[in-house]
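There are structures below to look over.
You will see two complexes here that share chain A, one where it goes with chain B and one where it goes with chain C.
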Partner chain A sequence: MKARFIKENSGLPLIMPTLVVMALFSVLPLIEGFRLSFTDSNLLNKGEHWIGLQSYVKLAHDPIFWGAFLHSLVLTASVVVLQLVLGLILALALKQEVPGIRFVRSIIMASWVIPVAATAIIFQFMVEPGYGFYNIVLHALGIKANNFWFGDLQLAFPVIILLHLWRNVPFYGIAFLAAIQAIPHTTYEAAEIDGAGPWRSFVHVTVPGVRNMMIVMVTIHVLWTFNNFDMVYLSTGGGPVYATEVLPVYLYLQAWQSYSVGYASSIGVVMFVVLMIYFVVYIRIYERRET
Partner chain B sequence: MLTKRQRRTFRYVLTYLVCVVAFLFFITPMLWIAYSSFRTPEAIFSAKIYTAAKDFTVDNYKTVLSVTDFPVYFWNSLRLGLVVTAASMLLSIPGAYGLSRYPLRGKNAYIMGVFSMQMFPVVLLLIPIYTVIFAIGLFNTIVGVALGQLMLVLPFAVWMLKGYFDNLPKDIEDSARIDGCNLFQTLSRIVLPISAPGIMVAAFYAFVVSWGDYLVVSVISQSQRTSTLTLALQRLGSALILRWGQVAAATVLTIVPTILLFSFVQTRLVEGLTSGAVKS
Partner chain C sequence: MLVSLCEEISKARSVTKIMKRKLIFGGLCFGAALFIASPALFATGTSESASSSGTSGGTLSFWNMPFVTQEVSPDYVKTWLANVKTALPGYTVSDFFGPGDYDPLRAKFLIQASSGTPDVIEGLLEDTAVYVQKGLIEPLDSYFNAWADKDQFVQATLAPLTIDGKLYGIPYNTNARGLIYRKDVLAQYNLPVPQTWNDLISEGQAITKATNAQMYGLFLCTKVGDPRAPQEVISWWFQVGGGQPMFTISGGTKTYNPTIAQLTEILTLYQQAFAGDTPAIDPAERGNGWPSEDPGYTSGKWAMAPEGPWLWGRRNGDPAAATILDNSVVTALPIPPGGTAGTYLEVKPIMMNHYSKDKAGAWKLIQFITSKDNMGNWMASSGGIPARTDSLDLPVFQGPLGNWLKMFAALLPQAHAQEPINWGPVSDAEMHAINYVIYGQKSPQDAAQWLHDTVTGLITAGTI
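The block that comes next holds the complex of A and B.
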């Protein structure tokens, strides 16, 4: 009995330390977050009371929350879809063996490794009215754009999307490139012998070849984008007038500016539930496909 | 119908078009801030792209490095990054190796569990983590921040390394074991050397996440003493009077270490990052 247990679980000592740290710093905090969402906990006054579903009722009547909820969904969906399409186009270009392509391949992912705090500064500088790079260029082209894009009600949200694309599209491009390069040459040759043109060999050889990579990239980036806090917080702070407010930023402001930890936690629980639904649906579809 | 030659030309033109647009969009902003960090305020505010040679200066860097506490923040970011990288590798290498090589009941549940942890909203987790770190006296300490950042790194690092180990041939380890190597010897003499490229990428990932983190630092470190570059940048960028030359210099100093490290792992980066995705 004991011997069998040891034999079946001999990997346990190796993964135990990681599991303990994950339990302490992810699982337990998540459970505690759930509990807090049913209390009126506040960082300023000690002692908390059980208030049941009151925070959630308040959420349901909170227009800023619903705005942030919508923004988070739209941002995640549009960013992931655009990244997928643009990443694929980039990969198809990077795949061509033309002079100079190695140089482009080697530097293109630089935007992915720099801190988001730097990204926010760089773009604030690029769009400065008057002396920002974009405005200098636009001015030279005869287009007048004198407002600060991050502070513009109409432009702020698209600019946030642009920032996400700036950071992640090269990562998609290089990842898809790796998947495309792993497709054996003979498959392309066979398609050509069968009379397939560039379009058909793209649809029937390239796309199936990168399918797995696409699934992984999309899954990870849905989670990362939906939970992403710093891109919005550091560039617009959720403004102007909540035009770019997303759930993680709203939660952060509730917790660390208003100190309403209980209310903030209820926002976090909603975020978790949304991702949970996505995850369950995703696994269902994935499993059905496999069988 | 296009001839083969026309098709080739067409392909070249399209490829270069995409590459030029990509370069302009992805790389120019970084070049622009680097360029501006060497310009005088007059040159920056002139709203011209061109700068005369006499208007180039290193004063922005001198000011940032001597007048402000920038060196302190740099040192904080650096040691934080090193601590987080070391700790996360110490935990995730054996963890991922165990998941990849050893029998384990309900292994798929563990793997799925680790992967799904990336779904936990970090902003939510930070509330209880802050309370605990405050209670055990690690608030405003590098160790406290490092503990918080570990949870940003660990799930992806374990998942990524597990995929990397899965793709390595098993035979060498088996023969090492038959030759009488114990687990520790197998790990240090066989596994670590042959998986060095994958581990380098994981370590790079850990360092870059820690270096670029704003969220955890802003909650757990609220004193100047333990502030990091990202916090300093945010403060600089939201100041009422923006000295863009200095802001640009500070930004460049923040970016350069990550770009340098990136250039070392660059060729292996994607292979390592996405190895969890590729099953062979």
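The block that comes next holds the complex of A and C.
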């Protein structure tokens, strides 16, 4: 009996250190976050009280929260889809053996390597009126524009999307390129023999070949984009008015400006639940397709 | 592939009992080693304060923003570190000065102050109130009153750091906000120095018109999250409100003093600044903040702006900016009809961690930081006004820099400090109200109502 128990659980001690670390740094903060969301915890006040669902009721009636929620969903959906499409196009372009392509491949990841804070500052300068890069380019193209783009109600949000694309599309491109290069060349030759043109080869050979990579990229980037705080906070702070407010920024402001940790935790719990729903649905669809 | 993997797993399961025991033993040893090592790993963050325990010497830490962001020169910091060694024999002052920005500085201190690190912290005036409310900083009255230098400090800078009758910080940096204007531009277009808000707007529009928008008349910060924008708002409030504080604090109860009409008046100023065919402020600068305000002025993009003495630093290595600043004068901010002269008083304190393991050492460090020479040289390096009168006697304050600072120092008598509350959410609400107005989302009156409701709501919720 004892020998069998040891035999069946011999791997447990090996994974125990990892489980302990995960419990300490992932599970406990998560549980604490859930607990805090049911309290009126505020860093400025001593003690905290159990308030049940009051924070969630307040969220339901908070127009800034709903605006931020909508912005987060739109930002995540648009950024992930655009990154996917543009990344695939970039990968196909990088695959071509043309002069200088090796150099391009080696520097293409620069935007991803630059720290987000530096990226946000670069964009701050690029969208400035007068000497900003975008306004200069538009002016050269004969388009009369001289806006502070982050201060424009209509343009601030698209520029945030642009910022995400500028940073992440090369990452997608390199990842997809690696996946494309792993597709055996003979598969393309077979498709060609069967009469497939470039488009059909792309649809029936390339896309299935990079499908697993797409799943990985979409999964992690939905998570990253939905939870992304620094790009918006450093670029616009959520303004002008509330045009670029997203959930992580709203959560941060509640926690570190108002010090309302309880309310901020309830926003965090909502974000967690939304992402969990997404992953459950996504994995179900994926598993169904696999079977 | 999967089948072969299963076979491999099957093989692995058939290893001898000895092998298994070794694996189990190894795993347990690793787990035990991690468990034993964990206190040491987690304790690294507090090693500084642990080593500073004891009364005769040790390690002291001083978190501040300017040393990290190079608001003062790296050479100054190097000299400072060398001098502190001599001034505090037996002590080692850490050359880690904290995260380098006020937001994370405050956040980290709120979380980790009870560990005893840092021993001494620099911050904004509004941080003091937050720390006092949490009991994280030490009252300094007994130390300060026993200090021979105490009479050298400007009384107006000590008052805002006194909360509930106790002094919680030693001021090191002060300034009053004034209107900087281009005397050459005003002379060129025969415009007098603006005295009222109406003058400010009309003359701003006149400059924009006269230069065909090559130069705009004015700049005001309007960016959400910009630290300087709410400081400009509070200046307008002191004028509209006759110098009374924005909040009255009595027995733990806070009252928001501005009326809807007064807030409407302030918001109308912002609306008018962006209004018209030749607006006083460049409409393209809507929603922009200090990163544009300062270089914009010193590059000649606008002729007037509320500014502080830090603008002096823009002269360095930029002859064009130096020429513009040579052609500039600082005067009192214009006032609204029926208003009184008033402006924002900036005071930056040096505070002692209540949980410092060596308070005597921490006080010695504060004395060093706020001594005549060190405060004076720090301010000379960063373009601030020292909070000690004797520091201004240093040779470094003679000449052009001294004249520059005197223009701001002359405004100190009309300057008011902010009340000790958590200003973050109030500032955020103010900037959103201004955004509502300048983007045409709400009328000044509606935005004022919204602002009033929001701030009173914050009081009710205990957020500020």
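Here, the second predicted complex is superposed on the first by the 276 of 291 C-alpha atoms of A that agree within 3 Å, B and C clash if a C-alpha of one lies under 4 Å from a C-alpha of the other, contacts with A are read in each partner's own complex, and residues count from 1 in each chain.
In this text, a contact is a pair of C-beta atoms (placed from the backbone, for glycine too) under 8 Å apart; a residue touches a chain by one contact, two chains touch by 3 or more.
This structure is a prediction, so every number in the text was calculated from the model and none was measured.
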item: Contacts of A:Y259 with chain B and chain C, given as first, second, both or neither; value: second
item: Which superposed partner A:V113 touches (first chain B, second chain C, both, neither); value: first
item: Touch count on chain A, higher of chain B and chain C; value: B
item: Touched partner set for A:V104, first chain B, second chain C, both or neither; value: first
item: Chain B versus chain C as contact partner of A:Q181, first or second or both or neither; value: neither
item: Residues of chain A at both interfaces, chain B in one complex, chain C in the other; value: 7, 10, 12-14, 17, 21, 124, 128, 130, 233, 256
item: Chain C residues touching chain A - in the complex, by the definition given at the top; value: 13, 17, 20, 23-24, 27-28, 30-31, 34-35, 103, 106-107, 110, 130, 133-134, 222-226, 282, 284-288, 291-292, 301, 422, 424-425, 428, 431-432, 435-436, 439, 441, 458, 461-463
item: Chain A-touching residues of chain B, taken from the complex the two chains share; value: 7, 11-12, 14-16, 18-19, 22-23, 25-30, 32-33, 36, 44-49, 91-92, 94-95, 97-99, 101-105, 107, 110, 114, 116-129, 147-148, 150-151, 154-155, 158, 208, 211-215, 218-219, 229-231, 233-234, 236-237, 244, 247-248, 251, 254-255, 258-259, 261-263, 266-267, 269-271, 273-274, 276-279
item: Residue ranges of chain A touching chain C (in the complex, touch as defined); value: 3, 6-7, 10, 12-14, 16-17, 20-21, 42-45, 124, 128-130, 146-148, 150-153, 156, 233, 236-242, 253, 256-260
item: Complex contacts: residues of chain A adjacent to chain B; value: 7-15, 17-19, 21-22, 25-30, 32-33, 36, 89-90, 92-94, 96, 98, 100-101, 104, 106-111, 113-118, 120-126, 128, 130-131, 133, 135-136, 139, 166, 169-171, 173-175, 177-179, 182, 198, 212-213, 215-217, 220, 223-224, 227, 229-230, 233-234, 247-248, 251-252, 255-256, 261, 264-265, 267-269, 271-272, 275-276, 279
